[in-house]
Amino acid sequence: MAEPAIAFRLVNKFFGRLHVLKDIDLTVAPGEVVVVCGPSGSGKSTLIRCVNALERVQSGEIVVLGESVTSAGANLTRLRTQVGMVFQSFNLFPHMTALQNIMLAPLKVRRLARAEVEKTARALLERVGIPDKADNYPANLSGGQQQRVAIARALAMHPKIMLFDEPTSALDPEMINEVLEVMTDLARDGMTMMVVTHEMGFARRVARRIVFMDGGVVVEEAAPEAFFASPTSDRARQFLSKILSH
Amino acid sequence: MKRLLALLLTLAVALGGAAPAFAETTLEKIERTGTLTIGTRTGSPPFGFVNKQNEWVGFSIDLVEQAIKPAIERKVGKSIKVEKKESTPATRIPLLTSNAVDLIAETMTDTRARRESVDFSLTFFVTGAQFLVNKRAPIKGIESIAGKRIAAQQGSTNARILRERVPTAQLREFPDQPAAFQALAQGQVDAYTNDGIQLAGLKAKAPNPGDWVIVGDFYSYEPYGMAMRKNESDFRHLVNVGLMEAIEAGKYFEIYEKWFGPKGEVPYPLTAENKRFMIMQVVPK
Amino acid sequence: MRYEFNWSVLWSGQSGSWLLQGLLTTLEISALAWLLAAALGILSGALRTVPWPPLRAAAAFYVEFFRNVPLLVWMFFWYFGVPPLLPGAVQDWLFNHGAEFWAGMFALGVYHGARMSEVIRSGIQSIPRTQFEASQAIGLSVWQAYRLVILPIAIRLIVPPATNESLNLLKNSSVALTISVAELTFQTRQIETYTARAIEALTAGTLIYLVLCVSIAAVMTRLERRFAIPGLIARVGAG
């Protein structure tokens, strides 16, 4: 097996006294799509926020694309240009148009030429299906459109890994699919992805592996078929019965 | 626009309190309230200042209490008390016109321009503008201040005269004496100009009086008068009678000696010329 | 007795040119002080929200120290306290070239910078933390995140309180007359000295301040609308 894209080694994290990640040992292979699920407060969001160092850990090591994220001298800017992230609340910059949101990082972090950046940005909008919304401000876009711009913004840096933190939780039901479709396309193109989501249909179709967390611990790791058919732990069974019953 | 102007006028009048509908003369007011309210200084020794015993005293205050008050009491036929309020060059005319005080008794120079707004008593003190400089400074008087930085008191006639006579002098006008003196002591300015008597007072109070000298001939004539509201000749007459009687009876010179004599707060001997001038202001009975 | 107004004192003699000079000095000292205050305010206001405690503490110290001491004291500090620390030749040059103006400008700018800082800080803190995280996640440095995302949003949000603070600065510039800066209030007093017409001179000064403040407020309101962020601040008269 090739070197993992992401590797957690005995990672522990605390918020004050609260022990939110306990001895996490987990790897994600290049091109792999991993869905992280679990009840709220299980630590799943915190887990993926550690990958691009939005959260710092107290012990253990996280290696991303062969480089340690947790060491003191880690080059966070380079890490973050290689790891794109999509948030639950979109977090587009409200004072910029869709196009400007996408162009910001390539212009200011990579310092690429404007014409080239704009071409890429328009192509990305095309790819997420809203080429005509380039000049709209976030406030004038629907939630689904905003999230697709946010995905395009993350892709603009040509990341090797994409993190999704509950990307559809804040969306109205009719908009969820348009975002999941874009994510499915990405997975098909071979992007390495860690996705925190409750969309079990998406998990079943797209994920290569399901990571079930509860109480800061990885309780279960399994291929989707196995996980949904016969979860080994009681906690996963309870979780699935709640989430699949409606 | 017209309405706006009218509104502002009303506002100005209201703020100034300038037009009481039923006007009462100053004398009537003093008779009714039993109080003569004067505006005077708290930091201009020896005319009006707060002394070390924390009493508000001074030459101008003594003149009011020992010369003018008796004359008014005789007229209204009862004893009155003198109430003091603080006035400054910037506030003294508004204080008068707003009826907050009845008489300004401090260090106010009688000028023709001011006489258009207020009336003045006899001259009760004569001085003129000079310069306070460091004893090593080259300035010797108004003839040697061209291009120099000169501090003056904001709202004083001295600044006005300097601006006209020596336009190249760099004037710095301070609202109060301590700031102006500080500027002189630190070298922000080369000289501080004010009435000679003010400079004498300042020098006497300075930490090292020997470091400072008062130079130059009087380049202005500063006759100090007491100011009151215009067109109140009865009241003004009483003020003048009080002053004249004090000069005639020698009381004025006693008070002068108390404040300006060798043992006074600010030694500033009365010249023969000024003494004669004071006496000649007294008209026959 | 009735006060007789004589408005002609405002345009006879030198009064007109004094008022104009005073107005120019007031505008000049206020504009320069405003630039200084804006720079210091943005810098310290932003530093108070950054993730490095020592910088936060330094900015907090600046704000508390400068805004809790009266402006008058700062005027004296910059005019009397600072020059003796400079070499003699510099002092002399300064004293001949408007030391009082520069001292007054610094006093105003530094004092109002500390007050502006609080306005900026509250603007920044009203922006969701996730905007900062999103900036970090796409690779922006902390400095870039502030410059490109946080401050542009914060500054648009704080236009009304910042306008207020700017008007305060303009009005407070009159305190500079205590260190002999010949600004507008100084000149109205000057007119009063020469003409003994306090109410007329005061009214003229008041009117000029009023016109200045109203115009500044109007310009700021236009700016606010012009640069409003769709959806964040209601744009008056648009969708």
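Read from first to last, the chains carry the letters A, B and C; within each, the first residue is number 1.
What we mean here is this: contacts are C-beta pairs under 8 Å (C-beta built on N, C-alpha and C of every residue); 3 or more make two chains touch, one makes a residue touch a chain.
Please read all numbers here as calculations on a predicted model, not as lab measurements.
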Check your understanding: With chain centres set to the mean of the C-alpha atoms, which chain is at the far end from subunit A?
Key -> B
Practice item. Find me the chain with the mean Cα position closest to the mean of all the protein Cα atoms on display. Key: C
Check your understanding: Which chains share more C-beta contacts than any other pair?
Key -> B-C
**Study point:** Mean-CA-position distance for subunit C and subunit B (Å)
**Key:** 37
Check your understanding: So, what's the distance in Å between the C-alpha centres of subunit B and subunit A?
Key -> 81
Review point. What is the distance in Å between the mean C-alpha positions of subunit A and subunit C?
Key: 46
Revision key, fill the gap. Given the complex, residues on subunit C that touch subunit B span 1-3, 5, 76, 79-80, 83-84, 91-92, 95-96, 99-100, 177-180, 182, 186, 189-190, 192-199, 202-203, 207
Check your understanding: Considering the complex alone, what residue numbers of subunit B touch subunit C?
Key -> 8-9, 12-13, 15-16, 18-19, 23, 89-90, 93-94, 97, 111, 113-114, 116-118, 149, 151, 154-157, 159-160, 170, 172-176, 179, 182-183, 186-189, 229-232
Point to revise | Complex contact set, residues of subunit C against subunit A | key: 128, 130-131, 133-141, 144, 148-149, 152-153, 156, 229-232
Study note, to complete from the structure: Interface with subunit C, subunit A side, in the complex: residues 52, 54, 76-77, 80-81, 83-85, 87, 89, 91-95, 104-105, 108-109, 137-140, 153-154, 156-157
